[in-house]
Amino acid sequence: MSLGIVDGHCELALPASWRQNAAMNREALRRVVETTDTKAGRRFDLTFQFLIVIAVVSFSVQTLPDLPEGLRHLLGWVEVITVVIFTAEYLLRLWVAESRIRYAFSFFGVIDLLAVLPFYLASGIDLRGVRAFRLLRLFRLFKLLRYSRAISRFRVALGLVREELILFAALALLVLYASALGIYYFESRAQPDEFGSLFHSLWWAVTTLTTVGYGDVYPVTAGGRVFTFLVLMVGLGIVAVPTGLVASALSEARRLEQERSHSY
Amino acid sequence: MSLGIVDGHCELALPASWRQNAAMNREALRRVVETTDTKAGRRFDLTFQFLIVIAVVSFSVQTLPDLPEGLRHLLGWVEVITVVIFTAEYLLRLWVAESRIRYAFSFFGVIDLLAVLPFYLASGIDLRGVRAFRLLRLFRLFKLLRYSRAISRFRVALGLVREELILFAALALLVLYASALGIYYFESRAQPDEFGSLFHSLWWAVTTLTTVGYGDVYPVTAGGRVFTFLVLMVGLGIVAVPTGLVASALSEARRLEQERSHSY
Amino acid sequence: MSLGIVDGHCELALPASWRQNAAMNREALRRVVETTDTKAGRRFDLTFQFLIVIAVVSFSVQTLPDLPEGLRHLLGWVEVITVVIFTAEYLLRLWVAESRIRYAFSFFGVIDLLAVLPFYLASGIDLRGVRAFRLLRLFRLFKLLRYSRAISRFRVALGLVREELILFAALALLVLYASALGIYYFESRAQPDEFGSLFHSLWWAVTTLTTVGYGDVYPVTAGGRVFTFLVLMVGLGIVAVPTGLVASALSEARRLEQERSHSY
Amino acid sequence: MSLGIVDGHCELALPASWRQNAAMNREALRRVVETTDTKAGRRFDLTFQFLIVIAVVSFSVQTLPDLPEGLRHLLGWVEVITVVIFTAEYLLRLWVAESRIRYAFSFFGVIDLLAVLPFYLASGIDLRGVRAFRLLRLFRLFKLLRYSRAISRFRVALGLVREELILFAALALLVLYASALGIYYFESRAQPDEFGSLFHSLWWAVTTLTTVGYGDVYPVTAGGRVFTFLVLMVGLGIVAVPTGLVASALSEARRLEQERSHSY
């Protein structure tokens, strides 16, 4: 097995046989770490999915106010242990990767790093910014996506309707802005607090056209209500159509997949 | 007619002719109880569907506060009578079933038992837990599903999009968690009561991304509102796409059914 | 032209030529009243559609409180005049109909009668019930549907998904009831006013599963919120799927129509 | 190059060579201004899209109350400069257009004019109406649409379902009116403020059937709630179906486009 495929990163001066051995171990480990063909590979994956869920649950419980001291202590330990394990995983993935640079700068390589880095930075600094850094831990969740196979069909579907999605995203932004402009004109005098500026009105437009309708801002003038009706008649579709587009594209992606499998 | 198909459960020492007679009666009763081919079978089904509706309505009215004493008494009697009838139905089904064990542990066998058991347990115990047991009566409703035929096409459709539904359920959970994490970061300082922990924020995420929007929790900071907008643009589709998927899968299931019927 | 096609209703003893003349006039009038082939027929239809809109607008404005006396008087006259015209139209349609009995008991025959009858009954009685009778005037609106042609494709589409719609309507009712039962269990103790009975809980279930979410009733307990999340994950689809079904059935109805027109 | 294609508008008495030169310059400029084939044309387009975004953002920020004096001054200057540039663009487009009259009365010709006109009118009048005129600036946003190509497929899709969209718009209006009529009957006595007239009830119908549900008006009587349930069961679909229709029509438009490209 030639080492030509390994990009030279930190090739130390070691005896050739030693290096060849390590290369073969790396090859074997890579199959476990990067693929799910083998039983060991599947176990490795399941273990880390389980660890991610534990880390997420632990982090969520930590946000609860008035936690008993013992539980807070326990969760702190869970955090330390999971971060250490995730760090080991990152280093392992870096070591076994065919191209280390490509992994380090790949989507999941960056996420794997961002999932552990804040912990060390936070310990070092221990200041205001800690909280913002912790938010990055959110990326850990995306690791779950790594293991899903149905996602490829979703990507095909997104590719099929990419242009329409961009168009409707642009149209939705236009409609949102136009709605905000209109309601600002009708309501800003009647409700100077709720519709004080175009940005306040945009908040109304977002909650209304997505049909969330919290009820914190709503038109009270006759003009504003008629305008809301008109906006909803047109805007509802523009905000909601992309959903239908993705759904029908997924059906098409499934059909394309079936046609391909039938033609073989 | 051989008795070989009957699984030996409680075969008493009876004269052969007597047993053969009973077996033939069982055979005839089974057609009435389990199928809807015969007129008697359809009548049997309709009667029990009607009884389920009566039991459900009676139970619902019982929850109303300030019921007149007479009505409360009447509803109590309706409850006793329907439970007795449902118990008789359960025993009948158990008796006529080709394999008694298989029925007893089948989905509807368990439901039929759970629908009557709490009544007897409650009478025996009459304590705190009674209320929780009564909730199981809800399963009676699922009996209605037993009699629907269009449901088979629905099952085909669900099978077609099973993988996508799982993917989107997972994505929806991820998006819900990520939204809760984000809004917690933006709003927890401004509204420590409403967004006091990640679990409070999850409640906001659920009511927002499903577009229910009760209005009990909503962002008030500029950052929280911009974040809500971004989350809705992406998350709305992920929560709503499965609906479109099931709809188009149902169309496909109908087409598959037609093709099959045309090819005969 | 033989009179055989006219069902004998009130055939008076008139000279044959006179009666033949009337029959021919009826024939000509029928084309104007019942079809839109001729210019006069289209004008007749447009005139009555316009009158329906006037009657509806006039009725709506009448509900406004604090109307000036002059306007109230004017609207009263508009009401009298439109009712008289609609009565004349009803009698005309009755006279020209090929089969008078069939028209009188047809869907639109009944609606045409119900649209004018309350006015005369109300003038006669002038009591409490007047208001309820006026509600029937709503049926006038359905006259607009009479003139739409695209509606036939909609009927084909509804026929295609009839079984699924019934199934999902049944499922939706089950899910609504089950949701109400569950939330009643979780919330009735915490909010005895809002979730006082299963019927109060059903109101919550309706506003939640349709994602309207007024915000007048919502769960406050942790159990109730988790239950709401679970119910929404399953129930949202069941309530929303029929919409997608009808949409895809309409596409199919359009395709069927095109195929038929191509095959000719 | 003949001048025959130029519609005679203000052909001055100039030497033939001079006029021919100008015509060739116009020809070259037209390619830059009206098309995106050339590098200069794409740059021209991008510059103006960027300017529209700047003008929109500047206008939005201007609506914020309590702006510092310096920023207000700066935004005023941004407004003057963008309007001057847009005016120059309008005149340029008018000059290079093959048919000036056709451009002046085309959709985008009118919009380009309406986007700058209010500024000059407002400076001249400086009175109450200024605010209303400013609203017209909204049309500037539509310029963005000019540059989208995916919009042609959207137009095909709208053409495919035009009849259904009109039918459902009519049905939606009918359902809205019928809902308002019904809830007015049930709730006007219990809530004379919220459901004071049919127009108040229409506002409820709009917020309910679009599932926005602000929570400012909702039924409180048992009859009104049952009616709301019935209305939602039927009306939800009628208001939401058009969205699904447009989505499936877009899929069809994409398929038609692919078939056409394959057949070549």
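Some observations on this one:
Order as written gives the chain letters A, B, C and D; numbering starts at 1 within each chain.
We adopt the following convention: a contact is a pair of C-beta atoms (placed from the backbone, for glycine too) under 8 Å apart; a residue touches a chain by one contact, two chains touch by 3 or more.
Note that this is a predicted model, so its numbers are computed, not measured.
Comparing contact pairs by residue number, the interface of B-C is reproduced by C-D among A-C, C-D or B-D, since over half of the pairs coincide. Two chain pairs, B-D and A-D, are weighed by contacting C-beta pairs, with A-D ahead. Shared numbers divided by all numbers used gives the overlap of an interface; between chain A and chain B this overlap falls below half, so the copies present different residues. When the CA atoms of chain C are superposed on chain D, the rotation angle comes to 90 degrees, reported as a multiple of 5. Centre-to-centre spacing of chain A and chain D amounts to 33 Å, using the average Cα coordinate of each chain.
Per-chain Cα centroids separate chain B from chain D by 47 Å.
Chain A has residues 199, 211-215, 240, 243-244, 247-248 in contact with two or more other chains. Note for the complex: chain D touches chain C at residues 160-161, 163-164, 166-167, 170, 174, 177-178, 181-182, 184-185, 188, 196-199, 208, 211-215, 218, 222, 225, 228-229, 232-233, 236-237, 240-241, 243-245, 247-249, 252. By the touch rule above, chain A contacts chain B in their complex via residues 56, 59-60, 63-65, 131-132, 135, 138, 141-142, 144-145, 148, 150-151, 153-154, 169, 172, 199, 202-203, 206-207, 210-216, 239-240, 242-244, 246-248, 250-251, 254. For chain D in complex with chain B, the touching residues are 211, 213-215, 244, 247.
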